[in-house]
């Protein structure tokens, strides 16, 4: 009997090891394949030049910039709101109906398909405001997508600060708010930063919510123009623009350039590499901040 | 004395009340945001039934979708059953494929080799989460679709009349299963990790093997958490748009087998919204689909809470 | 060129996007004061938005009358900027080069399901279709299928042009249709009744499957919108960009509809 | 025991939800004395300690009836909570320095209470660290993280942090239970010095420690004070059988 | 102390990574006796206890040298780990019932070891609960969740769970430290009964408990056994100054 149990144990362990190995292999294959397919495009001129629907040799400069720009804008929107809401949920929320409702809202927002949020953005930010497709509307839409995640991250990292530290501050006569601002948030920073970088990665790759808000195409930009009010400045948030992920989708569904496939491969490789970069930097930064705060 | 009071009030305002009010406002803002989302989507989505006087019953249960059909040929039809059925079945397939692997991985990470789990698998899972859905779609289209196409052509038991493009329910389900795998895996990993060490220790101390402990003690104890992960994975599969749209074949007929082409709610919205004229029945019907998606995703949350409540009953 | 400052926005047909986009780039390069934003979104959106005044020019693959209510369409001014030709395409492995109208109709209505019935080898025909609101499909249905409706129960298979190209190229036995701008050696364009689907044949009138591409304005165009549409019709665009993108210049057309 | 009363309570009851954790506590705590609270786990020692600086206000389903007086003022009615906590400092079981520099840990309290001048802060930091017998060990590394200190040093840092806001009463909840014997001794010595200036209330599970450092001892059992007296009497001639049982280790 | 040896160790060293937690432990544990392990926090009591049923195998960076013998067989070489743990049961500090019914908790072990017959299981459950002095309290609610029991009942349930697999040795790591006085007494009585059939090794931080229930006592300090002797001798005439200091509460 014991022998049988032990054999089962061995078999189960072996199976689990095999599955784990397969998973790792799958990722290596997946990422390796994408990067391999796109490697001929991994050069500076591809990364910086304009897309071209007429001839081969177009690049992904503006879409790449737009993706980054939307990440920055949406962080600028979600961080203050998400941090505030996270502080509220972690520190002030009493177990009342209101709290329950907020909690439900966070969960509901988090579970909404991004295309539904895209349509909402289309209706409200694009049509009702009369702005048309524009980056800012896109940033707002992905912010809605991201807000519950950011709120959760902020709430969790504040909650993860040891209770003893909070008690210490209160026991000295600090108000609750002073404790939050001066002790809890600084303590929560390592967790916050890692979480935020990872979610930024998700914004970077989002497409469905952006197709209907920031649009699927842009117009030529003047990368020497830093006046955000000027319509040809890349910093102008009220211009239509395609992000890298949207660009891949578009090239795939209606690309006319002769090298459309290669361009999509190259852009995918860039996206995958960005995901790696987001991950690695969050790890490194997280470790660094943790060490810094732990005084090592 | 009263000056002292004043100062004190000012200080209290600055050091506590102001901050508290601001964060409370943003907490409440989340409710407002959710309500306005529901309101706007509903206001569009309901006009199909209120303004265009279409039957909600037909919308849900008829499979004839042709919003532009001329009056002479029977007038517009907006039966969404094909899409609803497609969304459900493609998510179900994804879940069936993904769940065993995800749960296995979570067990591996928490119980078999926490070291490999933390150092290798966790980053791997995070990267899988981070890969944009268009990339999944693109790989699905360029690698999986030709592969499945070959399969449908060569395998003897597949009815060649159905579909040999390689696009279809199975392909969509496979792509989705990779996409939702990290969600399920990481949540069930958390559920396992959250179990007190006690359970494992107690079981080992009684002479149970590792697998016995996992199967008889740990999995039952972590089940509510795992189910939550599975429902969230399902929700994610249900809501995914582009990756599915690229590989499912977008056929407006009920699929005859898992190799057949199908369509989903998200997919048809993605493809047709741009060409629909605002305010027409066609556009309104697409909004109704969006409303339906919203309702279903809220349902998922309710289900998760039911599971959670059951879980807390055990504890 | 004439310096003509101002800002306009254009949106609509995704088929026309590359043309409008490239022309706009050229135009702005020549007229540094002007800003033209071109967006896709679909013909439906283009028509809606130009009617609502949200954009200055709405691009469409189809006549406004086919999408909007008659009283709405009346307010719009049509500017035909070029012609798009549409070809039936098959997977390169299909051993058929020519097809008759009747055969095409039979295939798309589900009467013929094997290539051997149209002179090819014994191979199942895989139909790949476009959404019912696609301009390409409307044109193909009208001029290649003579308006024939798919037989009840036959699949309506949806996809977008780029995906159609990709799918046809990798699915043995498949058939679909694409605008000329998507044609390359990944798919094989079929002769229709012996006529090759080329721009020359469209222009001469011997190849019938084509449609006008429209730029709509609300009322008479003014300012930059007017000069841009004029530019679209100028030789600059018509002899350079239009043929490069495999559209057919208006002035080449020896037939009219 | 009536002279120099610093704190006293009147019929203090405390409920966590419906669960009564303190029952009719009446205790009088003398100024500049060390009062020890002993009793088995869960008897309410920590809970009682926290009623004195209203740390229980943090927990929402707590209900308190009865009164607590500090210098004859009702702690729950006549005090602003910030003032109260400034006057009644607290040291916890596990050292809990903030993850900041040693200097910032000490300066935190004074800053919170409005002191901004750098020289003044420097002064307070030095004085508090000296009072907590830590100055010599850390004076060269004030800018380094407090988390790099040893457990015993951290606990003295926490004491210094409390002293920096110039409290009158210092509450200590098992301050040495996480420390090694040598650090424990240092803290015990420190407590002995501090009682000259401060009133100290200390919870300990170590009977011998209570015997060594306290002047008065209260024995808690399931939320009640069974016996309260001079330490010497409690340990040598306990008047209650349960006290005796506990002190001789019959349970707990 | 040489007759009826159940367990003995030879130069047992244990390292967590590079940190040595046990140093040259040589101890001889007598059959059907209660052996108490005492010492300050972190001295290695729990660590040592776990070497006896190889629970340390769960932690990956543990390195063990030296030998442990059970019935003259080397625990690390001549035993199958599952057999070993069946013969050497363990009760933990915090009661840790599985989140299942009372019945299933007890039946878990026998089932694991291959017993499937329902009547046989019923029998074992009843016998074990009786042995753990819990039967009367729970016999009417065997199908209810074990998590609904009180702390003391849970701990007895855990003991019953161990007894159900019929061990020879029972290791207990501070089994009463989370319990109230009355439950503690019940468990102490139980231990007294159990030693007729089982060999018991118990870690306790409560010196008086060690005095009350054990036959032999080992005093641990920073990973070493300072003194090991009959309990009476250890408490009355300790031969080592450190033992005396500890027992009289000078530290810890």
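Residue numbering begins at 1 within each chain, and the chains themselves are lettered A, B, C, D and E in the order written.
Following the convention adopted for this analysis, a residue touches a chain if its C-beta (ideal position, glycine included) is under 8 Å from a C-beta of that chain, and two chains touch if they have at least 3 such contacts.
Chain identities (UniProt): A = Phosphate transport system permease protein PstA; B = Phosphate transport system permease protein; D, E = Phosphate ABC transporter, ATPase subunit.
Just so we're clear, the structure is a prediction, and the values are computed from it rather than from any experiment.
Novice: Chain by chain, through touching neighbours only, how many steps does the shortest route from chain A to chain D take?
Specialist: Between chain A and chain D, the shortest chain-hopping route counts 1.
Novice: Going by the contact definition above, tell me which chain pair has the most C-beta pairs touching.
Specialist: A-B
Novice: Could you state the distance in Å from the CA-based centre of chain D to that of chain E?
Specialist: Averaging C-alpha atoms per chain gives centres 36 Å apart.
Novice: Quick one: report the Å distance separating chain A from chain B, using the average Cα coordinate of each chain.
Specialist: Computed value for the inter-centroid distance: 17 Å.
Novice: Round to the nearest whole Å and give the separation of the Cα centres of chain B and chain E.
Specialist: Whole-Å distance between the two chain centres: 48.
Novice: Find every residue in chain E that makes contact with two or more other chains and list them.
Specialist: Expected reply: 82-83, 112-113.
Novice: Using the touch definition from the top, which residues of chain A touch two or more other chains?
Specialist: As it turns out, chain A has residues touching two or more other chains at 5-6, 127, 175, 178, 252-253, 261.
Novice: Mind pulling the residue numbers of chain C that touch at least two other chains?
Specialist: If we look for residues of chain C contacting two or more partner chains, we find 14, 40-41, 160, 163, 166.
Novice: Which of the residues in chain A come into contact with chain E in the complex?
Specialist: 1-2, 4-6
Novice: Where on chain B does chain E make contact in their complex?
Specialist: Residue positions touching the partner: 115, 196, 198-209, 212, 216-217, 220-221, 314-315.
Novice: Mind pulling up the chain A residues that touch chain D in the complex?
Specialist: By the definition above, chain A touches chain D via 94-95, 162, 164-165, 167-175, 178, 182-183, 186-187, 293-296.
Novice: For chain E, which residues are in contact with chain B within the complex?
Specialist: Its residues touching chain B are 53, 55, 58, 60, 82-86, 89-90, 92, 94, 96-100, 108-109, 111-113, 145, 147, 158, 161-162, 165.
Novice: So in the complex, the part of chain B that touches chain C is made up of which residues?
Specialist: 66-68, 73, 141-142, 145-146, 149, 153, 160-161, 163-167, 246, 249-253, 261, 263, 268, 271-279, 282-283
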